[in-house]
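Same chain, two partners: subunit A is paired with subunit B first, then with subunit C.
Moving on, here comes the complex of A and B:
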C-alpha cells in the first residue's frame, strides 16, 4: 500500500488489537471518507515459532505443540501432524481408532463453524446471536471433553491410534446434543434468511469469484462458497471418509451470505457423518496389534524420508510437510495453514467498500490469526 | 387547566422542583441501565449482573465508584478545552431538554396541574432544539480528540442526523397541526379521547424509527459501532468523562420515550370518571403516563438486542427514500383530516 496520502485521505490502522480481530493482526486501510481506497494485511504479531519448536521436540511431544497452532481446530492440526508420522513410519491405524478420530474431528468442525458464525453476527452488531451460539457450542464442547478429556487443546491422537476409547453411553449423549443443535441450526438459518438488515449487510457483499480464489490458493468454506467443490475429505480421502456418505456443500454466489450458508450446511453434514460413524464403528483394538505404540514411548525413531499429508480443517486445507533424518525428532516441519491464503483475498475485496463492510467481509472469512502466524 | 408554575410562584420553589425532576431522571437512568443489562441478559439467556447487591441492583454503584477513581486520561495532542467541555455539553443538552418536559399531571376536582419545571408556548420546538445541540458536542469531540475513529464516528453522526431530523421534524409538525399548538402540554391534552398514534399511524411509525436514530440506539448506533470504530466518537474518553456521555445517552433514552408518549401515545389522559376521586386523581394520571414511558423504553431496548446494525449509507438511504416520503404522506393526511374537520 502506498503510504502517501492526499489531503482528503487518511490511513487507519485497524488492529493489532481491535474488537473485529479474532487474534492480533493488522489491517491498514487508506480511507477517503467512509470508502476504503487501498488496504493491506499486516501479519506476524503472534508468531510463536511452532515450526522451529517442533524440530526440537520428540515426535510424541510434538502432538501437544501442534494443538497450539489454532485452538479452534486443534484436533485437525493433530491429524495432519500424526498423519505425517504415520505415513513416514508406515503405521496402519486400526479401524476403530480411525472412526473415533473422524468423530472427534467432525465435532470440532461443528463447534468451530458455530463459533465462527456467532462471532460473525456480533461483527454486524447482533450480539445476541453470539450468545446463542456460545450456548449451543457448550454442549459440543462437553461432548469433546468427554472423549478427549480437554475442551480446547486435546493432545488426543497418538501414532497408530487414539489416547482412549469413547466413553460409555456416548451414542445417547450425541443423539441428545444433536437434537438441540439441529433445532438451533434451523433457527439460525431462518433468522439469517428472514432478517432484512442481515441480508442488506451480507448479500452481494465481498464477492470472490472462483478463479481468484483458486489463484490465491483459498480453500475451505470461502472456496466452496464460490461453487468449487473442493474438499480433501472427498478428493484425497484419509481415515475412513471413503466409507462414509456425505456431500460437499457448495454455493455459487461467493459473497458473504454464501460463506455463512456453506458453514451452516457443513454443520448438518458433519452431524450426519458422526451419526454414520456411530452406526458403523467396529469393535477392536485402538492400536495396531503387536506394536508398542499404545504404551508410553517418548523415544520413537522414524525412518528417514519426506512426506506431505493434508487434511480438511474447518477453515480449509491444512497440510504438514515433514522431513525426517531417522532420529527421534523431525528434521524440518513446514505447516501449510488454510487461513494465510484466505487473508490475501482481503486487499482486493476491500477496495471501494465502506468501512462497515471491512468488518463484514473480513469476519466472514472466519480467520484464525494464531494459525496464520504459527 | 393549570400549571404547577401558577402555584409555585416563588422562583426558588420552582428551582427545587426542577432539581427534583433532574434527580428523578438521573435515578431513572440508573434503573434503566440496570434494566437493560438484565433484559439483554435475559434475551441472550444469561443472568447478567448478579454479584453486587440482590440481582446486581448495586452494580451501577460499583461502576460509578470505578469510573470516579479511574485515571482521567486526556490525549497528548488533544485540544484540551474542547475535549474537557464536550461531555458537559452532551450531558447539558439532555438536561436542558428536561426543563420543558412534563412528568405527568395531578388532577384535583377536575383541575389539571402539570408537573413540569416551566411552561412554554413552544416547548416542543424547544425540546427538539436542545436535543439537536448534542451534535455540537460530538463535533467538538471529533475536532479535539485527535483520534481517527472519533472523526469517522462524527462523520457518521452528521450524515445520520441530517437524515433523520427531517422526517422527525415533519412528524412533530403534523402532531402540532393536529393539536393546533406547539405547547407539549396542550398537545398531550388534545389526545383525549383518541391518541394521535391511532389518528396518524404512519406518523407514529416514522416518528418512532427516527426517534431511535435520534437516541443513537441500534440499529442506528453507527457512530459508536464497537466492532468497526472501537467506540466511535467517545473512543478517547475514560473515567467519569465517559460516565457523563454514557449517562447522557440513557437520559436521552428516557426523555425520548417520554416525548413519544406525550406526542403520540396520549400522555396522561384518562377518562374523567377514573380521576374524579381525589386520591386516584393524584396517582393515576402520572402512573399511567410513566407506565407507558416504561413500555416504550422496553420496546427500544428489546429492538437493540434483536437485530443487527445498518450500514451508515443504508441509514441515510432509509431516511431520505423511505421515512421522508412517508412523513410527508402523513403530513398530507393530517391536513386532509383537518380540512374535513375530523
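Moving on, here comes the complex of A and C:
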C-alpha cells in the first residue's frame, strides 16, 4: 500500500488487537471519507515458528505441536500430519480407527462452524446470536471431550490408529445432542433469514465470483459459496469418506450471506455423516495387528521420502508437505493452511467498500490468525 | 485426467523437465530448471488446468549446497497434484517470481524469502512478512541457523 496520503485521505490502523479480530493481525486501511481506497494486511504478531519446532521434535512429539496451529481445527491438523507419516511409513489404519477419526473430525467441524458463525454475528452487533451458539456448542464440546479427553487440543490421533475407543453409550449421547443441534440450526437459519438488519449488512456484500475465487487460491466455504464444488473429502477421499454418503454444500451468490449459509448446511451434512458412521462402524482392533504401533509408539524412524497430504479443514484445504531423511525427526515440514490464501485476498475485496463493511467482509472469511502465522 | 496423461502433456512440450518418481496415480514429482519456472507454470495453468497453487516453500540441503524451491500445484478440475522442484545454489539463490501466473504465490514467496533467503526476481513487493525486523537476514529455517531455540523460541522448546 502506498503510504502517502492526499489531503482528503487518512490511514486507519485496525488491530493488531481489535474486538472484531479472531486473532492478532493488523489491517491498515486508507480511507477517503467513508470509503476504503486501499488496504494492507500485516501478519506475524503470533508467529510461533512451528515449522522449525517440528524439525526438532520426534514424530510422536510433533502431534502435540500441530494441535497448536489452530485450536478450532486441532483434529484436522493432526489428521494431515499423521496422514503424512502413515503414507511415508506405509501404515494401514484399521477400519474402526478410521471411523472414529471421521466422527471426531466431523464433530470438530460442527463446533468450529458454530463458533465461527456466532462470532461473526457478534461482529455485526448481533450479540444474542453469539450467546445462542456458545450455549449449543457446549454440548458438542462435551461429546468431543468424552472421546478425546480434551476440549480443544486433543492429541488424539496416533500413527496407525487413535488413542482411545468410543466411550460407552456414545451413540445415545450423540442422538440426544444432535436432536438439540438440529433444532438450533433451524432456529439460526430462521433468525438470519428474518432479520432485516442482518440481511441488509450481508446480502450482496463482499461478492466474489467463481473465477476470481479460483484465481485467488481460496478454498473451503468461501469458495463453495461461489458455486465451485471443491471439497477434498470428495475430490481426493481419505479415511472412509468414500463409503459415506454426503453432498458438497454450495451456493451461487458468493456474498457474505452465502458463506454463512454454506456453513449452516455443512453442519447438517456433518451430523448426517456422523450418524452414518455410528451405524456402519465395525468392531475390531484400534491399531494394525502384528506391528509395533500402538498408544505409546516408541521412537520411530520413518523411511526417507517426500509426501504431500491434504485434508478438508473446517476452513478449507489443509495440507502438510513432509520431507523425511530416514531419521527419527522430520527433515522439513511445510504447513499449508487454508486461511493463508484467504486472508491474502482481503485488500482486493475491501477496495471501495464503506468502513462499516470491513468487519462484515473480513469476519465472514472465518480467519484463524494462529494458523496463518503458525 | 490422470498423472500419466499429465506427464505426457508436459514432457511433450518441455522435454527437459525430469520426472523423478511417481508416488501414485494422483501425485507426480518433477524437477524443473530454475530459469524456466514461469514459462512452465504458465503452460500448466493454461493448458493442463493446473489452476490452484497449493503452496510454495523452500527446503535447505547444506551438504549438497543446494536450496530447493518446491511448488505444489493442484487443480480444481482433476485430482492430480504436481510437485515441481527448482534447485538453486545455496550461496546465491535467485529465481524468477511466479506471482504473474499464480497470484497467491505473493505471500508464499515473501515468507520463503525471509526464512531461507531466496531472492525472487520481479516480485511486486518482496518485504518481510512474518518475522520481526531483527531476525531479517538470518534466514532462520536454514539448517545451519544457530539461533534456535535460544533466540527464537526459548519458552517453547
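In this section, the second predicted complex is superposed on the first by the 372 of 374 C-alpha atoms of A that agree within 3 Å, B and C clash if a C-alpha of one lies under 4 Å from a C-alpha of the other, contacts with A are read in each partner's own complex, and residues count from 1 in each chain.
One rule holds in what follows: contacts are C-beta pairs under 8 Å (C-beta built on N, C-alpha and C of every residue); 3 or more make two chains touch, one makes a residue touch a chain.
Not measured: the values here are computed from a predicted model.
Trainee: Quick one: on subunit A, after the overlay, do subunit B and subunit C clash, or do they fit? Just give me the call.
Mentor: Subunit B/subunit C on subunit A - fit side by side.
Trainee: With the two structures laid over each other on chain A, which partner does A:122 touch: subunit B (first), subunit C (second), both, or neither?
Mentor: A:122 sits against subunit B, while subunit C stays out of touch.
Trainee: A:47 in the overlay: touching subunit B, subunit C, both, or neither? Say first, second, both or neither.
Mentor: In the superposition, A:47 touches subunit C alone.
Trainee: After the superposition on A, what does A:141 contact: first (subunit B), second (subunit C), both or neither?
Mentor: neither
Trainee: Quick check on the superposed pair: does A:300 touch subunit B, subunit C, both, or neither? Answer first, second, both or neither.
Mentor: neither
Trainee: Check the residue A:248 against both partner chains and state whether it touches subunit B (first), subunit C (second), both, or neither.
Mentor: Touch status of A:248: no partner.
Trainee: In the overlay, answer first, second, both or neither for which of subunit B and subunit C A:131 touches.
Mentor: first
Trainee: With both complexes overlaid on chain A, does A:152 touch subunit B (first), subunit C (second), both or neither?
Mentor: Neither partner.
Trainee: What's the minimum Cα gap, in whole angstrom, linking subunit B and subunit C in the superposed view?
Mentor: 25
Trainee: For the complex, give me every residue of subunit A touching subunit C.
Mentor: So the residues of subunit A touching subunit C come out as 43-44, 47-49, 51-53, 56, 214-217, 219, 228, 230, 235-236, 306-308, 310, 317, 319, 321, 323, 331-332, 334, 336, 340-341, 344, 373.
Trainee: If we count contacts the way the header does, which residues on subunit A are in touch with subunit B in the complex?
Mentor: 10, 12, 18-20, 31, 33-34, 121-128, 131-132, 135, 195, 197-198, 200-201, 354-359, 363
Trainee: So in the complex, the part of subunit B that touches subunit A is made up of which residues?
Mentor: 40, 43-46, 148-149, 151-152, 155-156, 218-219, 221-222, 225-230, 305-314
Trainee: Show me the residue ranges of subunit C that touch subunit A in the complex, using the header's touch definition.
Mentor: My answer: residues 23, 26-27, 29, 51-55, 57, 59-60, 70, 72, 76, 79, 81, 83, 102-104, 106-107, 129-132, 140-141, 148-149, 152-153, 156-157.
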